[in-house]
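Below you'll find a set of structures to go through.
Heads up, the next two complexes both have chain A, just with different partners, chain B and then chain C.
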Partner chain A sequence: MTRVALLAAALAAVYFSGSGYLVNLAVVTALFALPALGLSLLMGYTGQISLGHAAFVGLGAYASAILAKSLGLDPWLALALAVVATTAVAWGIGWLVFRLRGHHLAMATLAFGIIVHVATVEMKGLTGGQDGLSGIPPLSVFGLELGTDRAVFPLAWLACIAAILLAENLVRSPAGLTMRAVAENEAVAASFGIAPDALKRRIMAISGCYAALGGAIYGHYLGYISPGPFDVGFSIRLLLMVALGGFAGIWSVLFGVVFVVVTSELLKPFGRFDVVIYGVLLVVVMIYCPRGLLDGLGLAARALGRRLAGARAAE
Partner chain B sequence: MSAPLLEVRGVAVRFGGLQALDAVSLDVAPGEILALIGPNGAGKSTLLNVVSGALRADAGSVRFKGRRIDGLTADAVNASGLARTFQGAEVLRAMTVRENVMAAGAARAGAGVVQGLAWLGPARRALARLAAEAESHLATVGLAALAAAPASSLTAGQQRLLAVARALATGAELLILDEPGAGLNATEKAFLAEVIERLRSHGKTVVFVEHDLGLVGRLAERIVVLDHGVLIAAGLPQQVRSDPRVIEAYLGNAQIGVARAASATRPAAPLLEVRSVAVSYGGSIALDRVSVQVGEGEVVALVGANGAGKSTLLKAIAGAVDPQSGTIAFGGAEIHRVPAAARVGRGLSLAPEGRALFGSLSVRDNLAVGRFGRLRAAGLRQILWPSGEEAAALEAAIEDVFRLFPRLRERASQLAGTLSGGEGQMLAIGRALVNRPRLLMLDEPSFGLAPQVAKEILEALPRLTGQGISVLLVEQNAQAALQISDRAYVLVGGRVAAEGPSAALAADPEIAQTYLGWEGARDTPIPGPANDDRFNRFSTVTYEEVKP
Partner chain C sequence: MTELAQYVASGLVVGAIYGLIAIGFTAVYNVTGIVNFAQGDFAMLGALGAIGLTAAGVPLAPAVVLAALAVGLAGVVIERVAIRPAGPDVLRGIIITIGVGVSLQGVAVLVWGTDAQPLPAFSGEKPIDLAGVTVPPQALWVVGTAAALMAGLYLFFARTYLGKAFRACAINAFAASLMGIPTSAIRALSFFVSGLVGAIAGIIVAPIALMQYDSGIFLGIKGFVACIIGGFGNPIGAALGGLALGLLEALATGYLSSGYKNAIAFVVLLAFLFARPGGILGELEGAKR
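Up next, the complex of A and B:
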């Protein structure tokens, strides 16, 4: 709870700082944090890799946009339907891919991500192809349209904090124990009476739900979506956020998201080479900080502290 | 007798060419402690996997409390009230001890993902109940004090006890324990026996697979014996112990055609000298100051029950495990500090248990890989394209292997992955021979093979001494090993319990009981000259002091 209070305080400081730039970054952070948290539940806590998570974000964004724009549904209803539909799709994808393990699972989820991306490019009648969909009606509360950074900020962070609290609940509940058992050893989990595949499908559904929520809010907030942001590169960036957070750890994953958002601002001068830098970062983190950047930095700081203490003792 | 709790009827499982289980039927009565024993490869684990739902049988049925459970998934079998443990204990290392036990009960606690997300009452109550139950299960197995410790910090013995606590936490009535005593020391085994008896007094039924026949004899009310997938005996311990078929199953019965001619030229110059080597794995003692010698041109057999330390000794000689103390000399030079790869270069080859072939390479390429070390030493070009003397030597070495095992010649261009078990073993031995070792070490060459194939392989070994190769053989089929070797060591519980000329050991009627360890080698002092005159027959017998 203290963490939530601290987070709320930091957000309030950002919100009332008057800096449009900071508020924008904070909104982006919240919208990335939703899929990253979902991926952490799946990868970190349940041990199942997904290299196609951007697809769920894309599905949520496109479904909600199309429902609101083409069918003229109320944006809130469109958003709810899109999230429910993507959750169901995620469950179904889980049903398909969780008969695979390890590299095969990684390949299948990667393929899924590519298929969804190609579909958004090619199904021009529905998605507008590379041109994307514009004129997506914004969500509105009591007549106030949530189409600007400052207006969408409370909604994005309320959704994000709710997602954090729910995820925290899940991982400390008995279901969280079953997830960790499945992550470590499925045969042992089955010997506990846990049905590993059913559990993985459920977590995949929750993960898809988180991703879709992030995507749907994103679409209504920008008013325009195109296939670009939902490509495999985004899946890899989500992976990087989760890896930086040490995979399993709700708050450390949030830190990973902030780190990536800030880094991507710094990398803007490099243009499309940012992908190379992300790749290098991912490799370095996986090798030197397998339990996340915070943990790695903490270890390094302690080691430095010991060395300084040793040097002082030697004097 | 009341209705059986578990009924296994005519269960058969086939893996490729191997009949792992053949029409096995057995009953488990409520409240009993039943031991399932048999030599390596007898099908015990396969039977366990079938009963626990990890593996589907080709034929037969399994009923638990009268309800069919074959065909159910492993989690559904567990939900019906049957819990198993695993050979490797398989603790969840990322969790604490308490969390391991709580996770085991979580599925039964009935609080799913949705309740977990919302942190509803059921999830909260279930978590509290799981924590309380975990404390009581941990108390039952004596691990209560370690509840908050990471599971990875437990010793091998404590991990096995944790596995038992987890099985309890699933709420099962029938606990199936896979080798609960493996790697435990005497004190831990005594405690384990106490725990298992305590479980029974709590109304549980226990089936356990175990290699330590001392523990089996002490605990089991009934014993079922499997061999080569067939149930060969079932009954009370006294009956099973004296059943000649059981003794034969453990000691082997292959009549080898080429018995070693008693060579009068002993003692040979020592090639390998292992002196007081001790190895322990995470607190459990695998080898306790073992000394073994192999002379030039000798075939020496290491026999002993599972877990006696035979493979560990071979690994220590090959350099795959580091002994905590003791020395190893090969060809007159100390090698215990020489890295494993360099030992191969000095002429020490190991054909490991399980063969470890390169399945996607041809038979010929597998053999060529066996000479990698020598080719590499002759220069980089020799690896890319062997030529000149090196190529000729390689061809000659491969030719020798084909002469030893003509079946491999027919299969030269076939992929190793497509070989039968026997051919694969021949290839594994051949690959070790291509390096032209001075000492060839073989780990269970007849494991999992049909008797006729095993015979063919074992009969080929004495011929190697003609090529100046000494052989150190670890073999389950002790009778066969004694027939083809000059001398033998009997290992029991990590110590040399007897050694001597193979013929003398084979002729000793008492050696079977020593070998099998029925008397509970760890409960009673190791028999020595003072209390057992059967050992006086061997002039060369050495005894380790029994530790106080």
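Up next, the complex of A and C:
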């Protein structure tokens, strides 16, 4: 709870700092954090890799935008329907892919991500193809349209904090223990009476729900979506965020998201250099800090401290 | 009839490429137990390397050899720097090879930009007529090179001392090390072979299909599908799987619609993953037990 209070204080400071730039970064962070948290539940706590998570973000964004724009539904209703539909799709995909594990699971989820991306490009009548969909009606509260950074900020972070609290609750609950048991050893988990496949499907559904919520809010906030942001590269960036957070750890994954958002801002002047940095970062983190960047830096700092202490003792 | 022959011809050309990439997958998988998600990027890197060298004025033949060897050596470096320190964990291996692939794509963007690059065809553009089937001369280069390379690899694995050491590591690395086989050198060799074969696949297909920094992802997935069809443990099966996938794609493109071309690979992937994850010829794993 203190962490949530600290987070809220930091957010309030950002919101009232008057800097439009910081508020924008905070909104982006919240919208990335939703799918990243979902991926962390699936990969970190349940031990199942997904290389196609951008697809759920895209499905949420497109479903909500199409429902609101083409069918003229109220944006809130469209958002709710889109999230529910994507959750169902995620459950169904889980039913398909969780017959597989390891390399095969990774490749099948990667293929799923690419299929959805190609579909958003090719189904021009529905999605507008490469040109995307514009003029998506914004969400509104009592006549106030949530189309600007400052207006969408409270909504994005309320959704994000709710997601954090629910995820923490899930992880602490008996279901959280079964998730970790399945991640640790499926055969042992099954011998305790846990049904691993049913559990994985459920976590996939929750994970898809988080991703879709992030995507749907993103679409209504920008008013324009195109297939570009929901490609394999985004799936891999989500993977990087979760890896930087050490996979299992709600708050450390949030740190991973902030780290990636800030790094990509800092790297903007260098053009396309960021892709190399992401790739190298992914490799380095996986080799040297399997429990996340914070943990790795902590270990390095302690090792350095010991060495300094040793040097002093030697003098 | 001619139509069918035309589709079969183009399917075999594309299939030869998929087969080569699939062989690259099996070389690494059998020795290290890792599926190299950067495999397709080796092909992209080889092609762009050859294109860059020819653009810099190097004649075609040495450019091709240099680019292929350079990617092979890059494979050795990647094994030493990124793969070996990570240990045998499957999930880590996947994520690290993805990281390697992303880095290679990033380097390609920095060096060659995001535009598709052409490589001049090896022997002109004038189409050749083979009993009513027209093929570009490059198609013969692709099929010929692929066949020669596959035969060469087969002889290497079956007949040479080094090839036998390689296969011993694939069957049981620990027992192989007890027999005095330097397993870490063989691991490096597996990455060299996979980088070399992948790069050659990329280079010979570059004059037919334009190459750009992200072409590797699709080539990699197609190669993986070829492995799934033919079996991961089996280089011959993987090569045949590549040909089968190429044929299927060409026929689907011809008789259904070109929009379905990429979908076919994924449908085949999913169908095989669910029905026969060991592939048609089965995995070496099955024989081990």
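In the analysis below, the second predicted complex is superposed on the first by the 314 of 315 C-alpha atoms of A that agree within 3 Å, B and C clash if a C-alpha of one lies under 4 Å from a C-alpha of the other, contacts with A are read in each partner's own complex, and residues count from 1 in each chain.
One rule holds for everything that comes next: contacts are C-beta pairs under 8 Å (C-beta built on N, C-alpha and C of every residue); 3 or more make two chains touch, one makes a residue touch a chain.
Nothing here was measured: the structure is a model prediction, and the numbers come from that model.
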Report task. Name the contact category of A:Ala195: first (chain B only), second (chain C only), both, or neither. Result -> first
Looking at A:Asn185, would you say it contacts chain B, chain C, both, or neither? Reply first, second, both or neither.
first
Should A:Ile161 be classified as contacting the first partner (chain B), the second (chain C), both, or neither? neither
Q.
Touch test for A:Arg272: chain B only (first), chain C only (second), both, or neither?
A. second
Considering only the touch criterion stated at the top, classify A:Ala85 as touching first (chain B), second (chain C), both, or neither.
neither
Exercise. Check whether A:Ile206 is in contact with chain B, with chain C, with both or with neither, and answer first, second, both or neither.
Key: first
Exercise. Using the superposition on chain A described above, determine whether A:Gly176 touches chain B (first), chain C (second), both, or neither.
Key: first
Listed in rising order, the residues of chain A that touch chain B in the complex are 166-167, 169-170, 172-178, 180-181, 183-185, 187-196, 199, 202-203, 206
Within their complex, chain B touches chain A through residues 52-54, 73-76, 78-79, 83-86, 90, 92-95, 99, 102-109, 111-113, 115-119, 123, 126-127, 130, 166-167, 169-170
Listed in rising order, the residues of chain A that touch chain C in the complex are 47, 49, 51, 96, 99-100, 102-104, 106-108, 110-111, 114-115, 118, 122, 232, 236, 239, 243, 272-283, 286-287, 290
Chain C residues touching chain A in their complex are 35, 37, 82, 85-86, 90-92, 94-96, 98-107, 109-110, 114, 217, 221, 224, 228, 259, 262-263, 266, 269-270, 273-274, 277
